[in-house]
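One structure is given below, represented as structure tokens, and several questions about it will come after.
Chains here go by letter, A, B and C, matching the order in which they are written, and residues are numbered from 1 within each.
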Amino acid sequence: MTDLIDGTHRLRAVGLSKRFGGLIAVTGFSFDLAAGEILGIIGPNGAGKTTTFNLIAGALVPNSGELWLGQTSLVGLKPYQIAELGIIRTFQHNMPFETLSLIDNVMVGAHRRIRGSLWAVLGLTQETREREAHYRERARELIDFVGLGEFVDTKVDNLSFGQGRLLEVARALAGEPEVILFDEPAAGLTLSETEQLAQVIRRISSDGISVLLIEHDMQFLLPLADRIVVLDQGQKIADGSAAEIQANQLVVEAYLGKTENIVVAGDA
Amino acid sequence: MSRVWLSWLLGIVAIVALSLILEGYVGNLYRKLLLTVALCLSFNYLFGISGQLAFSHIAFYGIGAYGVVILTYKVGLPLPLAIIGAVISCGLLSFIVAVPATRLKGFYLALATLAFAQLFNVLLLQGGDITGGPEGISGFSAKGYFGVPSSGGAYTVVIAGILIFTFAILLLLDRSWFGRACRAIRDNEAAAEAMGVNIFRTKVAAFVVTSTLSGIAGISYAFADNYINPTVFTLEPLFLLLFMIIVGGTGRHAGAILGAVVLFLAPEMLEAWIGRHYLLGFGVVMVLVILFLPSGLIGLVDRFQDRLAAHGDRQ
Amino acid sequence: MEDFLELMVSVCEAGSIYGLVALAYQIVLRPTGIINFAAGEWAAIGAFAAVSFITWWKLPLIIGLPMCILAVGLVGWLTEVIAVQPLLKRDAPELSPVLSLLGMLIIYRETVSSVYGVDNLFVPMPFGFGRVELGSIAGTSQSFFIIITVVFSFTLVWLFFERTMWGKAFQAVAINRVAAALLGINLRLVTAMSFAIGGAVAGLAGVLLAPITSVHFLMGLPLAVKGFTALVIGGVGRVEGALLGGLLLAFVEKVTIRYAPIPSGLALGAPFLLLILFLLLRPSGLLRARGEQ
């Protein structure tokens, strides 16, 4: 057994494997994520990126391997329990609560911080009301932070696709997470929206929140990620800085083999 | 703030005053209206806010009514104990139904709870001496408890109190993190779960609370007529509740109240013209509202108010 | 033994009717995802059409039956045009069509009661009251007529789904609406067709049922519940599942009433119990759709 808890690593996977019937989606995948680190996971389609995400978020249960948040094992926990521990995910497609206002969308994100006892449900204690007020204030700040301040009390259907994505970021932040999982956050965004998103993610990580990113858009990922892990056919084939990854022969082959080109340094 | 409280207070005073003033046929109608509004509010929380289309709501109304009558007049418990017993029965039974049923999606939940409601009705019809079979139970009354007579305006005030209690509970729930979680689940279950909302527990809690509130309304209904029978607790009144909520505006308390009042009074007002064909009218109105007015009558009211406000701004 | 065999004939008879209603649900549900609770009313309209065409106008069965089926098929198509198509076009929430169909249910029921009144009506047995005996299996001529017609109809629908281009289009839509549209399948037409065919099938159930029961405006809802129960038991993905579910439901129902040591009124609860059990324990039904594991 390796030493799992050394204090500097917040999220750690050891030998993570997942099979669907005869298909091996992820095998023997290990990585760790430090506090405030931005880790990118890249790889060709079908490499097991989304499966990895679903394993961490509790949507899938691994066939073998370990998953730790600090000293807490995540294997076998339900998605809401994992969120409760402070690992919040976003989805590839925007998933807003359509009938709620922006502020209420973000307040749902703070669920794990606000929810309480029976009396708290009825809002009859001073403490609940204060907590509610505190997080409502914070939700407003977060909506300002992602640049949607003018829409705060309107419904989500007024938002463009990119704005919807930023709302999801604000919602994910509302619960004061320790780790955020982003599933292709830049997909479908315009260039300026992508830049804004990159800025927001940098600031998130400078606040000490760890960020795990799946991304196809290399122009977005390479300058942003502190470290990159490359998956191919369910296996980790490389792990290192953006420069190291781009120089890695295996990585280039994996991508060229799939006709999907990695953007070579200089563009970024 | 104070203006808001004042308007709530005025509303309560009006409801109670009407309870004391209205007598005879109109008084009886008013009681039924209060009960209908209470049922619509709790069903709206279950269906409109929490997104669970359950056809068992009227069955729990019946379990409350039959529960309290059986516990007092067949078992012989004193009324206060019987009331507590009936409330607990509703809570327990709704929990037993909710635990498996809330795992079903969409209309499958409706059909499982429909089967439960039909089973309940079969039991009422076949319950022999305990339920009185198709004739139901009559000739009971609740006199002399807490100094509240079980007839006349004073009892109407009790029913008004139950409506106000129901509304207060639902409003507090809706404005808390719990209400937000319910609406979030209705809008997008996966996203709500990813935010740490325990879907199962939230759904079950919403189901149990609203079903128990329906049962409490049922308890007060039992002594409104001092007569209960199975036809009151069939699928028909449940369809009516559903129509009222959809026509009024799904997911909004004001919509539920508006729909209940309009559809409850419409047959009374229009009887001279359309006789017993009002149900046909309900069906037509329901389909039209779903097609052309997805936010219900209350959506129309909103638009009207917005226009008034815009008009006021211009002047 | 003879008693049991005769019971089995009546199980097949009732099961065939339930199976047809279940099939009507399925034909609509598969391409559209809509649970059409008005299917029971369609069957009731079929029965009332039989009252008009066969009892009142005295048309022979060979003309009356197709006319009834056609009439209810038209009702099904109209249902889609009025209560479903506008919602699909607007991309309304999933539950909206289901709810508007509940509204249509009330409209049909109340219209029927306005036109035909609230009294029981009757349709004559097309082949009289004679008994048919095949060895030790015996039953009324109507029982055998129902069973044969239903087996024939199921075969037709099965062939339609499995062997024709149109059936394949339905399947494609059932699997993925967006992809089917990209393949050039006319979604609008498939949806309308599914309601028309569903209506025709439910209407047939009503016509077959009419001579062996009293025709009454409240007959639709119980049929809707029975048909849906049969659908859940058999599974929504296969044509033959609907028939299997109908037969199993009828079996449980008849056997409980005949043999279970409980009052027959209480035995009426058996189908509901069965529905609850299947929804909770085996929501996919007995037969799974092809291609599913």
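The criterion applied here is as follows: contacts are C-beta pairs under 8 Å (C-beta built on N, C-alpha and C of every residue); 3 or more make two chains touch, one makes a residue touch a chain.
Values in this document were obtained by computation on a predicted structure and should not be read as measured data.
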{"item": "Number of steps on the shortest touching-chain route linking chain A and chain B", "value": "1"}
{"item": "Chain whose Cα centroid lies nearest the overall Cα centroid", "value": "B"}
{"item": "Remotest chain, chain C as reference, centres from CA atoms", "value": "A"}
{"item": "Whole-Å gap separating chain A and chain B, where each centre is the average of the chain's CA atoms", "value": "42"}
{"item": "Rounded Å distance between chain A and chain C, as computed from the means of their C-alpha atoms", "value": "49"}
{"item": "Gap in Å, rounded to a whole number, between the CA centres of chain C and chain B", "value": "33"}
{"item": "For chain C, residues that touch 2 or more chains besides their own", "value": "none"}
{"item": "Complex contact set, residues of chain A against chain B", "value": "57, 78-80, 83-84, 88-91, 95-100, 104, 107-109, 111-112, 114-116, 120-124, 128, 132, 171, 175"}
{"item": "Partner chain C, residues of chain B touching it in the complex", "value": "53, 100-101, 104, 106-108, 111-112, 114-116, 118-119, 122-123, 125-126, 235, 239, 242-243, 246, 277, 279-280, 282-284, 286-287, 290-291, 294"}
{"item": "Of chain C, residues touching chain B in the complex", "value": "35, 37, 82-83, 86-87, 92, 94-96, 98-100, 102-107, 109-111, 114, 221, 225, 228-229, 232, 263, 265-266, 268-269, 272-273, 275-276, 279-280, 283"}
{"item": "Residue ranges of chain B touching chain A (in the complex, touch as defined)", "value": "169, 172-173, 175-178, 180-181, 183-184, 186-188, 190-199, 251"}
